[in-house]
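The following pair of complexes shares a single chain, chain A, combined with chain B in the former and chain C in the latter.
What follows is the complex of A and B.
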């Protein structure tokens, strides 16, 4: 009942609407890439290298131009959304799970668990994240799943910190004492009483984290540490486009714009959800 | 006396590697009795209640003495045994907002406890929650059960908490300044309500407060605390008519009197504060 009410209310929030629309476009592009893309993203046409955008909708037109190997930019952008979406979902959710679990444990149980986890967070966050991810990927090898692993290993601290602080705050509220007096076991108090109060926060963080994951993947693609440079990814396109930016600015521009729109979508959605999910603010 | 509901014997508690908060506290509470714990801030009155309920803040430990509840020693029990022994204990907390989980409806918060403690089914627990809300004079209990805590007024929330506390037929309720966070008119109703239910159910109440007026209204006997020590312990009439200890006398002298408007307020003498 309230859940449906919340959804209906959230649907009137322009941030949720706009963020949701941007991300919906991303999902559609990723899922229906095959039917949406006019060309195969790997097809090279050496007779049409760096062709400018062509809006005549002829059968062999390239609406957003081609890159230095004559590959269709629009098709590569559409297929690149698959990489972005995969990374956003898988890395985002895994990061959220790991970070939230550790943050809950640290905040709820305190003592040595808190000491160990909090010190690990401190040490972890003293490394520059991009450098750390490059080292990690260099160590475990390139590829999409290495990128996901690197994102999880780097960004779990973001969740851990915030969730720990919020758990500490909730832990001190009287309702937890009341639950102890009522005879609930610690596990049940954590799961039934505290987690529901952490969830909105974790969800907001998750949407932001998805945006961050997309950016990290683009950075790693840019330096050639993500999927193979042949396969379409936005970061890789930015890297290629940079080399020909004077002759063919459309390669760089297209990839940058979709990256921007995606991250913006995640951030706006996170902002909107923050306002909608808090039962008191609502 | 073996028929005491609660017997605290020479209880001492301290912060680990720190100061002692409670010095050899002893008190007895018979069935159906309301016992007041009074004192200024930091006197240790809430700490006694927390010792009984087993919700001491992390660095505080019971260092000596015991708490006998219904003949069973509570100090030194494992967490699991403690949960079982606490089945006839309940709490009416100070702040009725933070004592309810903000993200859960009233209904699940009330029925959870009953299903756990009384082994009721969903339907039975729901029926009992309705009956209890009726007992605390809440109109439209079905509607209240559907609400989230922030949708209710402070007095309403405190009524819900009182209903929850009495729902499992506890033998002892610790009321930790239950009226402090409420405004004066609601305070009076809440006090009357606790008194009414306590009589009806024959529940003993350990009533923590700093308000001597509240003590006079609701308690049978009183323990006056200062800096973690018992200053005076007596039936309520004795304390009010013949306070023996200098601290108790100072406490009474410091109470503002609405019936003597010309009086100046007298603070507690510095050596007590």
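What follows is the complex of A and C.
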């Protein structure tokens, strides 16, 4: 029995480690893009259009090939991680804040606040998110901050739904009654007693949400609704790689693989954290 | 009884549709961006520009525009697409069958794969087989349909060129079919060469759409199967000597189905939403890729027509779902 428990514990840690390692690579690429990238991501070399990957480590080699304007794919992938990381952090955290605040309000205060918020969640969730995000960005205009706004507007329901249910559960526990008897104000109970108990759950959701945000940004870039197509972004590279997939499959493949690694990184980390933070599962 | 139920639900959906219609109309009008301005050639004189605005009815107030639009929409006329200059209704109907066939095939693949994974995972509960199934479902869930589609293009379209990566049918072959339901019609009319061609074009987009849904179905069905396998009747069957396979397939599966059916129904609406992107990736000529082009070109009449079309599809799926509960759960049939 003890042996099995240890094994399980190790497996969870292994997930946290692996997800963390993938994401650490993303952070390093984004922060040190300037020193890591062999070329300027915008430098065009029309004599080397769609050059295949070259592993000879010569000074002018393109390890992952070039795109149709002769721009270095590796450098564009590295710089593209900045867009991905920005969206993951900003959109992820804003979504978490909005969704968690509304979920706490609905679960803790109940009554009409709960009715209004829950109804909004139901209506929101009945729309397919991809369709909604495309329509939203088309409405509010393209660009990185519109994409962030669209992600927050669409995905706050993920947090709201779960946090509301958890708050309802916590609300009924004895420690909340004890706090009421002790004369704490509702705001203080919420902030000092309930929020700390919700936090682990919100953290897991946040990790997963960051992965979702990166995908939504890539999708909107792919469709041509995110940042301008010159600036390096993975979604933009995917769109371009799709056009030239027969002549130069490396453009699509490279962008797809880094996006895949990022999504898996957030998911594996999220699963690992869930297992670590959940006392029942542990 | 059944007819009354269907009628009641259809009547209930009218306010929803009206709400969607008003909302999309207003939203689309208040956004910045002028579709006519994009069509005006440089050097056009003011009178000609004004005539162009009048031609599309854009010189009237929003409420007037809505009344005109709603009146015509009730008669099935959604106006003329600004970019293609074809009637919106005709354009949507010529593209809708491709999407419906794609979604249907994807839903079948998802259900078949999901049920198979759930049953195998349950059969080998507590053993290596279950770990493998859980690992696969976790992976299918983590990777979105967008990435599945791209991965398929690279692997099965380019590295091992087995399947076509764009379109719906080989354009060099004249089909000679009279409807746009190419898959169904070619099958019924014994033109099986076309059927296999259409299926080959559909294989990658359909499976890309299906995998995440299959994983969701597998998870929910597996947990309700586990619950059913702990019930007395399942134990009794095992004691009587029936095999695990028999108990799962012939007894537990039916009882475990309801949560899965409700999940599948909700998720099929998301499958329809997912076609928007998947069709774009595979240049598949359905209403999804039409919607993306319409949004990018700010083709207002087309966007409105498409949003209403999606809304009608969602309402019909929910109706079908409601009725299937009654078929599955005898308790819901009376009352």
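Observations, loosely collected:
Heads up, the rule we're going with is that the second predicted complex is superposed on the first by the 265 of 282 C-alpha atoms of A that agree within 3 Å, B and C clash if a C-alpha of one lies under 4 Å from a C-alpha of the other, contacts with A are read in each partner's own complex, and residues count from 1 in each chain.
Basically, a contact is a pair of C-beta atoms (placed from the backbone, for glycine too) under 8 Å apart; a residue touches a chain by one contact, two chains touch by 3 or more.
Quick caveat: nothing in here was measured; it's all calculated off a predicted structure.
With both structures placed on the common chain, the touch criterion links A:129 to chain C but leaves chain B unconnected.
When the two structures are aligned on the shared chain, A:38 is found in touch with neither chain B nor chain C. Measured by the number of chain A residues touched, the leading partner among chain B and chain C is C.
When both complexes are overlaid on chain A, the residue A:181 reaches chain B alone and has no touch with chain C. After overlaying the two complexes on the shared chain, residue contacts for A:143 are found with neither chain B nor chain C. In the superposition on chain A, contact is made by A:215 with chain C only, not with chain B.
By the document's definition of touching, of the two partners only chain C reaches A:225; chain B does not. Of the two partner chains placed by superposition, A:70 touches none, neither chain B nor chain C.
Comparing the two interfaces of chain A, the one with chain B and the one with chain C have no residue in common. Chain contact summary for the complex, chain C toward chain A: residues 27-28, 31-32, 138, 142-144, 146-147, 150-151, 153-154, 157-159, 165, 269-270, 272-274, 276-277, 280-281, 291-292, 295-296, 298, 303, 307, 310, 314. By the touch criterion given at the top, residues 126-132, 134-135, 138-141, 211, 215, 218-219, 222-225, 238, 242, 245-246, 249, 252-253, 256, 259-260, 263-264, 267-268, 271 of chain A touch chain C in their complex.
By the touch criterion stated above, chain A contacts chain B in their complex at residues 2, 110, 173-175, 177-178, 180-186, 192-193, 196-197, 199, 279-280. Contacts from chain B toward chain A in the complex involve residues 53-55, 58, 79, 83-84, 86-87, 89-91, 93-95, 98-105, 112-113, 116-117, 148, 150, 161.
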